[in-house]
Amino acid sequence: MDTEENMDFKYIIEDIYKTISSQENSGQVANYIPELSLVDPSKFGVCLRTIENQKYGVGDWEHKFSIQSISKVLSLSLAYKILGDDIWDRVGVEPSGNPFNSLIQLETDNGIPRNPFINAGAMVICDMLISHCKNAKVEFLEFIHRISFNDQINYSEAVVQSELSVGYRNIALCNFIKSFGNIDNDPSEVLDFYFHICSIEMSCSELSQCFLFLTDNNFKDSENKKVLTTSQAKRINAIMLTCGFYDESGEFSFKVGLPGKSGVGGGIIALHPNKYTIAVWSPRLNERFNSNRGMQFLESFTTETKLSIF
Amino acid sequence: MDTEENMDFKYIIEDIYKTISSQENSGQVANYIPELSLVDPSKFGVCLRTIENQKYGVGDWEHKFSIQSISKVLSLSLAYKILGDDIWDRVGVEPSGNPFNSLIQLETDNGIPRNPFINAGAMVICDMLISHCKNAKVEFLEFIHRISFNDQINYSEAVVQSELSVGYRNIALCNFIKSFGNIDNDPSEVLDFYFHICSIEMSCSELSQCFLFLTDNNFKDSENKKVLTTSQAKRINAIMLTCGFYDESGEFSFKVGLPGKSGVGGGIIALHPNKYTIAVWSPRLNERFNSNRGMQFLESFTTETKLSIF
Amino acid sequence: MDTEENMDFKYIIEDIYKTISSQENSGQVANYIPELSLVDPSKFGVCLRTIENQKYGVGDWEHKFSIQSISKVLSLSLAYKILGDDIWDRVGVEPSGNPFNSLIQLETDNGIPRNPFINAGAMVICDMLISHCKNAKVEFLEFIHRISFNDQINYSEAVVQSELSVGYRNIALCNFIKSFGNIDNDPSEVLDFYFHICSIEMSCSELSQCFLFLTDNNFKDSENKKVLTTSQAKRINAIMLTCGFYDESGEFSFKVGLPGKSGVGGGIIALHPNKYTIAVWSPRLNERFNSNRGMQFLESFTTETKLSIF
Amino acid sequence: MDTEENMDFKYIIEDIYKTISSQENSGQVANYIPELSLVDPSKFGVCLRTIENQKYGVGDWEHKFSIQSISKVLSLSLAYKILGDDIWDRVGVEPSGNPFNSLIQLETDNGIPRNPFINAGAMVICDMLISHCKNAKVEFLEFIHRISFNDQINYSEAVVQSELSVGYRNIALCNFIKSFGNIDNDPSEVLDFYFHICSIEMSCSELSQCFLFLTDNNFKDSENKKVLTTSQAKRINAIMLTCGFYDESGEFSFKVGLPGKSGVGGGIIALHPNKYTIAVWSPRLNERFNSNRGMQFLESFTTETKLSIF
C-alpha cells in the first residue's frame, strides 16, 4: 500500500470512531463470567496495523482486555504448525449454524466438532496441544510472545478462576466430547488449559501486532522463522471468514467482508490479507455475543475504504 | 492482470485437467431427477475468463448442461437489484450447517430460511420476483441474456417436467414456508418458477461469461448498464463464500478460497474478485452433492496459481 | 359394574360439570382452520356410556362438533382390522416428544412417523386405506356407521374445504413423507382423504357410543361381528395412552390415567377398559391444543371416582 | 385374585421360561460400564409376587444383579413422598422420544428434563434429595429397607467406581443441567449420589417385593406406614407406562401393557395394579438397552394371562 492509502486509514478510523462514540452505546457486557462483568462498558479502542508495521490507534487502544475466543485462532495456529493436516481428523471446518456452546450438533456428529472456533472444537485443539507439549500452558504463551514480539502478554488467573466457578456448560461440553472418545486427556486438564487460553489479555495494539503473521506472507517471528506456510495461513483465514463469529459469521462476511474473530470480552480482530490487521474493542455485546460497536466500526470501515476481500 | 499471468492460467488449467482426467472418475451422477441421470458422466469441461474477457477453455467447455442451483445466485442478484436490502427481511445470510433441502431449521427459525442458496431461501427469492414481475419467467431469462450478452440461454422444459414428477420434498418445503407466512404467492406457482430457474442450461463458456458481473466492478450489461452496485456485488460474493456449497461451504472456502456456487448438475462457478471467473463441469458428485472433479480441479487451481482471496 | 357405581357416575359427572361451568372458560378456540373458529366457545358437553350401554349426558352432549384428530383412532382401527400387524412396518408406536405437526423427527427417522396419532402417522394410515379400499371415503364412513349403530354420522365438506384452503403444513408433511417413499398414492389424494377423516362430526353421545368397541371385549358391531381382536383393541388403547395427546400425553396419563384421544375441535374421548367410555367437549384449547375444560373434567372425574387403569 | 388364577401364574411362568430358555440368547451385555460387562450373560430369572404376597420364582430369581435405572422409580418415590407435587416444577412427565442420555432436548427445554426416568431427570431428583436429606445416601437406603422389609439391600461400591471411571456423558449431563440452574448442589456430589443409586443390587425376588408398594393400595412399610398416597402411586405407575423404557416405552406399553421400568443391568420390573409385581432379569440387551429376554418374557406373559391394564 502506498503512503496516501495509509494516510486515508488514519482519517477514516478517526472519523468513524468519532461518529460511533457519539451514538448510544447499547448492548450488554458479558455477565456470565463474573470477572468479565467488571469491565468498564464505555471502553472503546481501535488499532490498525499495516504489513509495513505502520499503526493507527484511537481511543482505548493501549488498554488490555480479555481476548477470550480470539485466542482460539492462536491455539489453532500452534496446533496446525505442529501437527499439520492431521488436526482435521478430529475437528471440521464447517460453519455450525448454531450458538457457540451448543451441544446438539456434537450428538448428531458423534463428537467431531464442526470447526475449531466453537468451544467444542477449541477444546479438542487444546487436547491435541496437551498431548504434544511438555507444558502446553508455557509453550502456548511462548508461541504468542514469539509471534507478537512481546513477552508482556499473559494469562489472567482471576479470569481463569472466575470461569471455573461458573463454567458448567463448558465442563459439560468437554466431558461430552470425551464420552465420544475425541478427548484423549483428562477433561479437567483440558478445561484448565482451555480456560487459560481464553483468559489471555491484550490491548488492541498488541492484538493487531499478534495477528500480522496471518496477513503477511513474508512474516517472520522473533526467532526469524516463518510461523505457518502460506497455504496454512490462507486456510486459517478462510475458517475465520466462515466460522469466526459464531452464528453471525455469515452476517460479518456479508457486512464487513474480512476474515475475523470475536471474543465475549468485546474484542474483534479482522484482517485484510497482504494489507493490514485491525483490532477493535468495546465490551457491550449484541445478542449473538459479538461486540456491537466493533461490528459497527468494521462495517463502516470496509464500506468507507472500499477494501474487502470480495 | 498482466499477459504473463494469463498465459500461466492456460498452462495450469491444461495441466490440472490432464492430471485429473487420468484419474478414476468416482462419485454418482445426480439421480433423483430422472432427466439429470441421463447425462454422460464422463463429461468434463473448464472455462476461465478474465475481466479483460480473455478466455481459456478445455475439454467439454462448450457443451451445455443443467446449471441447477448455480441459478440461485442469478435469481438472488435480480431480486437484490430490484428490491434492495428489503430482501433480507425474509431470508438470512448465515450458513445453515445442514443439507440443502433440510426442513429442520425452518421449523426452529419460523420459516425464515438461513440463506438464499438453500432451496428454502431460493424459493422465497422466487416468491419475491413473482410478486414484483409481470412475468417472472420471461424477465428472469431477459436478465440472464443481458448480463451474458447471449440470448441462446434457456430453460429446459424436460428438466422442469422431470423435477415436477419427483419433487415431493421441494413441494413440502414450499408449503412449509407458506405455512409460516413467508411465501405470498400460490406454492404451485412458486415451485413452477423455482423449477424453471433450476432448469437453465449453459456451457462452461457461457457460465463464466454470465458471472463476470460479480467479478468486475466496471461491468456493464448488454444495455450498457451496471447490474449491481459494487457493495451489492461484494455481498453476493460473501454469501457465495459462506453458503455456496451447502454443508461443504467451509470445506470449499478452506481448500479453494474463492466465492463460488455449485449445482447438482455437476457444475461449479467460482470467481476471484477483480481477476476472473472460472466454470468447471463434471457430473459425478461427492456425498454432499458437489462435483467431485470440480472441487478437485479448483483446489488444485488455487494451489497452483497461489491466488485465493485469503 | 353394579348399579350403585353407575348411579355414582351420574352425580359425580353433574357435580364436576357444575363446578367447572362456574369457573372462567379460558383458552383459545382453534383458529387456524377458519371453519372451526366459528364454533360457540361456551359449548360444554359430557357423555359417559358404560359397557352395559347406560349413558349419562350433561350440557351440550347431543350437539355435534368436529371431532378432528379423534378420528385417527378410528382410521387406525380400520387399517389394523384389515391389514393386521403389517401396518407397523410403516408407522411406529412411540410417543414423539414433539408437537403434532412437527417435521423434524420425520427427517431423522427417514419418513417413518413415530406413531399413528401425529399427523404424519395418520396420513400413512390413510395411504394404506386408499391402497386397500375401492373407495376409502365411503368405506371409512360405513365402518363408523357399523361400530356406532348410527348412519347419521358424516363428513363436513365445509370443514374439508376450510382445511384445504389453509392446510399448507399438512401438504408439506404429506409430500415430505412421500419424498421418503412412505406414501404410495398421490399426496393430493391422501390429503383429501385425511382432511375428510378429520372433518367427521359427532356429538358426545355419538362419540361415546362409537368408542365402545375398544372398551368392551364382547362388543359386536351392527352386523353382529367383532371389530378387532381383544389383543388389537388393547394395543390401540396402549397407543392412546402413550400418544393420544400430542406432547401432553404423559401429562394426561399422569393426571387422568386413562387411554384417550383429543381433537382440536375441543373434543376428548377417554375410556376405562371393561367399564366405560367418556366423551367431553369444550372448544377452548390449552397451549398444547387440548381442550382445557376437557382435561380438567377428566382429571376431576378419575380423581373423584378413584377409577383409573393404574 | 383367587387361588386358581395364582396357580395359573405358576404354570404360565414356567412354560414361558422354558420356551425362551430354549431359544438363542441374543443381544449384548451392557459394556460401557466395565463392572457390568463381567456379568454372566446366561443368567435368567423371574419372580412374580401377588399383593397377597404369594411368590413364584424360576431360574436365577434369587441371584442379585445391578438394578441400575430401575432405582430411578425408587428415588422418585422418595422425593415425591417428601416434597409432594413441588417436584414437578423441576422435571416433567412427558415421554422424551429420545435416547436416555440425550442432551439435545435439555437444550431446547432450558434444562427441565422431560421426565424423572431419563438420566437428566433422575439427576434432578437426586439433587432434590440431597438438598432435603441430612445424608441422602443413607436415607435412600433406609427407605428401600423399609419398603422391602429387607435390610440386605445395598450399594455396590465396585459399580460406583466403575461408572465414575467412564461416566463422562453423565458428568456432561449433570453440568449441563447445572448450567441452566436446575441443579442446586455441586455436580460432583449429585453424580456421586446418582451413581450410588444406580449401583443398588437386588435379586428378582427382592425387586418384586420392593415394588409392592406401587401395586397394593393398602400397602404398609416395615414401620406400618403408607408409603405414598393412592393418587401418588397411580401417578408413578402412569409415568412408568409412558416413560419407563427410554425410547421403547411405547413399544412396551403396546406389547406388554403394564407399567414397568428397565435397567441396563438387564432387569425389568413390571406391575399390574391391585394384582402383582413381576421382576425379570437377563443381561443381554436389545439395541435400545432393554433386556431382550425380559421384554420377550413379559410380552408372552401378558398375552398368555390376558391380563394387561388395557
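Residue numbering begins at 1 within each chain, and the chains themselves are lettered A, B, C and D in the order written.
We adopt the following convention: a residue touches a chain if its C-beta (ideal position, glycine included) is under 8 Å from a C-beta of that chain, and two chains touch if they have at least 3 such contacts.
Since we're looking at a predicted model, the values are computed, not measured.
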(message) According to the touch definition, list the chains common to the neighbour sets of chain B and chain C.
(response) none
(message) With centres defined as the mean C-alpha position, give me the chain A-chain C separation in Å.
(response) 56
(request) Indicate the whole-number Å distance between the mean C-alpha point of chain A and the mean C-alpha point of chain B. (result) 32
(message) Show the residues in chain A shared as contacts by 2 or more other chains, in ascending order.
(response) none
(request) Go ahead and list every pair of chains that touch. (result) A-B, A-D, B-C, C-D
(request) Under the touch definition given earlier, write down the residues of chain C that touch chain D in their complex. (result) 92-98, 105, 114-115, 230-231, 233-235, 237-239, 241-243, 247-251, 253-255, 257, 259, 273, 303, 306, 308-310
(request) Going by the contact rule at the top, pick out the chain C residues touching chain B in the complex. (result) 102-104, 107, 168-169, 171-176, 178-179, 187
